[in-house]
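Dropping a structure here in structure tokens format, bear with me for questions.
Chain IDs A, B and C follow the sequence of writing; residue 1 opens each chain.
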């Protein structure tokens, strides 16, 4: 390896190290956003006696979208491992599935949970103007959905670049960033889901 | 020519984007079967799209768009090839020195705009009764003043940190130069939205924008919320960048307890900015969506709670006051040893006290809400925690005076401002505990005493140190000296005027004057209150005058000042070991740390350049 | 060490004491509390403020004097332009001292503060409830137990512990009578409480202390503290 190439790989490693730190700091920052929303939920969803309550929501929708999102994280991980081992095809296919599942999640939330299209078999629709239940649900799922949308956009970009061989075994910070971002968004949902759907006793 | 400036393009894009966003929102509403016009929604979408269009127009996201297309974009430092060199200050430029100056100049501009608002209502307050200002106008000006100067302070903090931190740790640039440019430019649409809110009815609940008042007023609130969202985004991204820079880009041998002390202040500040800023974003976003979409977070009708807003708001805004002052206190610690010719007393204690203030600062927000109606008993832990902040703050004061003790003090303008800063911040800090003690705060809360308190902390912690920093690094930035006589004139007008103003505010406060009122009862304080107000107003105008003197000094000296040597202050800090003005690539060779930063009185240096490595630029 | 620190410390110490007194005097002049202590709470709060003024004076004098003393005594005199100061880095004992001593002072003030708070908020046995309602931009008062009526001025008997039960109709307001010192916000959707015992007969003004919109500055109400007989008479008048 020429001295120049060694220099270049060293530069890339340093840059990636800094990028990684920046990314984690960003997540740390976002923790306060999602944490704020969670605190809002527990501050507002209480009854007169101080018991924690929750609205009655369609449990099927909640469970299905959660499973879909968790599954997407698996494929995202698979995709990242694939590129690190140079399996380009696997990388692209897994990434594609991740993005697809992400879109399914979004549609699940927007269409079924938000009730953009009212379907007879979905029960208990709540609108944004329905008191604190509506406000918090739409605040939490909305903020999360924004992150999922950017995540999907990120996946599309990485997928397109991946097809054009931008990433290699050694150099694929773009894929890594996309993956940890996706896992992070997923993780947030793991806290949001019980907070919205499970904790407290349901009232209507 | 004008069209070659990124700024011009950004402004055009923002105007077009705002219109576009509004149209899209209206079309969407039509398609969804709603009424075409809903000002809340339409202006929010317009403001949001406009803001991001600005970023596109100014060119701050060009490289990232290329990355999305899979193209690498090499980082080129230097003035634009095909345009005059000065245009880089009005366009996207990745050099941290350019960005630092962009921040600082914008800060001064906002400071003057915000200050002018204050002079208007100060003139009104010179006498009881109403004179020339309408009541509604008064209520809008106070909020606008508040946010304009807070934005100015955040910009000033960003300016000092961006210009100085890489120079002080011998880094080639910030860790993420493109993010750095983005973080600066996002302030511009933010500031524009803030000022534009005045044309949409303004916001009349003060800078704190407590609901329900803020969820009822005119649509100007929406632009306020958006503006702070943009400015907050800048804080988060900028602080992230500074943290990574300080943590990873130091040269060999510069461990964390050997960095110039200002970097410690920036480190503590950045930790706050990175995290707490999200809280005000959340609070304002909730306010925004309550207005635009009817989401009742704070509306008691559907179970919402107005006090929740105050909690989230102050969870940011108390730590934010340390964002405003910690860098300034860092400047004080930085300059005192230079002009005392003596090591900084207790470096580690000062460094760690910044961290302590930042961390304890997260636990005290309730002291702004002692009368708000939250749990009676919680007030006591908030009182104790707030009083505890006095301890690390005290450590700083004692270390400063101990640094001066036994030195060989000299008093050029920057040192004068440093001393002024200490005295003024002392006034502000010492009036804190009286507010922190619940029972006395039950009297003083929401009076002019509080106004006096925080003006003293903000002038002592930001304005005075910022002036000191400007005079001190002016030769490094421009390569010329400022005019010493005018500098001293500035100081000798501003300092007494400020003391008069701040104590005047406290006086009328204890007399019983509430804050945020356009008109007061002239019989308060045994009829003496009007005289105090007149004095305060005169003092405020003197401060304004002194700032103008500074601006004049800076502008003319940049042209005709005497040429500055590389190190006019005989400082040990790395940025003074290189030529003035700093060359495009600051350090010709990587730094090597061979001593302590503040060992004035010892022979050996703090840093030397490793000439054998000359020409080897560092990686970004 | 070139300087004779012992002498300097002595001079500075004396100056600190002198300046503590001077600053305390200046502050007393600069921070005039209303002459009338109109409630049982007033004296306790005024005392607390007075104690804080001493703290400000003492700590302020300490820093300002040492700073001012250094400016005079340790300035570079003509001919010393190139001289460096004395070389010392820090002093462990001092650092510990000025961390621990403020900690103790703060603890003391915390205890005093808690005691005064307990004192000014303590419930009394014979409290009279007044319902206060704030709305843009006026006040309404009701006297449960005395009949079904509302007034726009507040009339209360002297030396009668009051429990103000307060609610806001529209936005935040804050109840504040300067002579009574204490204040409390009114929040839509919840009931807040304030305890106060007026001790001075007279006419006072209730001022809203939380920005509440356009006419906030003028959101005032008359408060009359009267003798018990006069209060009873007033109640009867209202009931007619």
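The working rule: contacts are C-beta pairs under 8 Å (C-beta built on N, C-alpha and C of every residue); 3 or more make two chains touch, one makes a residue touch a chain.
In this text, all values refer to a predicted model and were calculated from it rather than measured experimentally.
Arrangement of the chains shown, judged by which pairs touch: a linear chain-to-chain path with two open ends. In this structure, the chain pairs B-C and A-B differ in their number of contacting C-beta pairs, and the larger number is found at B-C. Once the centre of each chain is set as its mean CA position, chain A and chain C turn out to be 49 Å apart. Chain B and chain C have CA centres that are 29 Å apart. A straight line joining the Cα centres of chain A and chain B is 33 Å long. Shared interface positions of chain B, i.e. residues touching 2 or more other chains, are given as 301, 304-305. Interface of chain C with chain B (complex): residues 1, 3, 5, 8, 30-35, 44-45, 48-49, 52-53, 55-56, 59-60, 63-64, 66-67, 70-71, 74-76, 80-81, 83-91, 94-95, 98-99, 102-103, 106, 109-110, 112-114, 116-117, 119-121, 170-172, 174, 176, 178, 181-185, 187-190, 192, 205, 207-218.
By the touch criterion given at the top, residues 135-136, 139, 204-206, 210, 212-213, 216-217, 300-301, 304-307, 340-343, 345-349, 371-373, 376, 379-380, 383-384, 387-388, 390-391, 394-395, 397-402, 404-411, 419, 422-423, 426-427, 430-431, 433-434, 436-440, 442-447, 449, 503, 506-507, 510-512, 514-521, 524-526, 528, 599-602 of chain B touch chain C in their complex. Contact residues of chain A toward chain B in the complex are 10-11, 14-15, 17-18, 21-22, 25-26, 28-33, 36-37, 39-40, 43-44, 128-136, 138-139, 142-143, 157, 160-161, 164, 166, 174.
Within the complex formed with chain A, the chain B residues making contact are 67-70, 175-176, 179, 236, 240-241, 243-244, 247-249, 274-279, 281-283, 285-286, 289-290, 293-297, 301-305, 308, 311-312, 315, 619-620.
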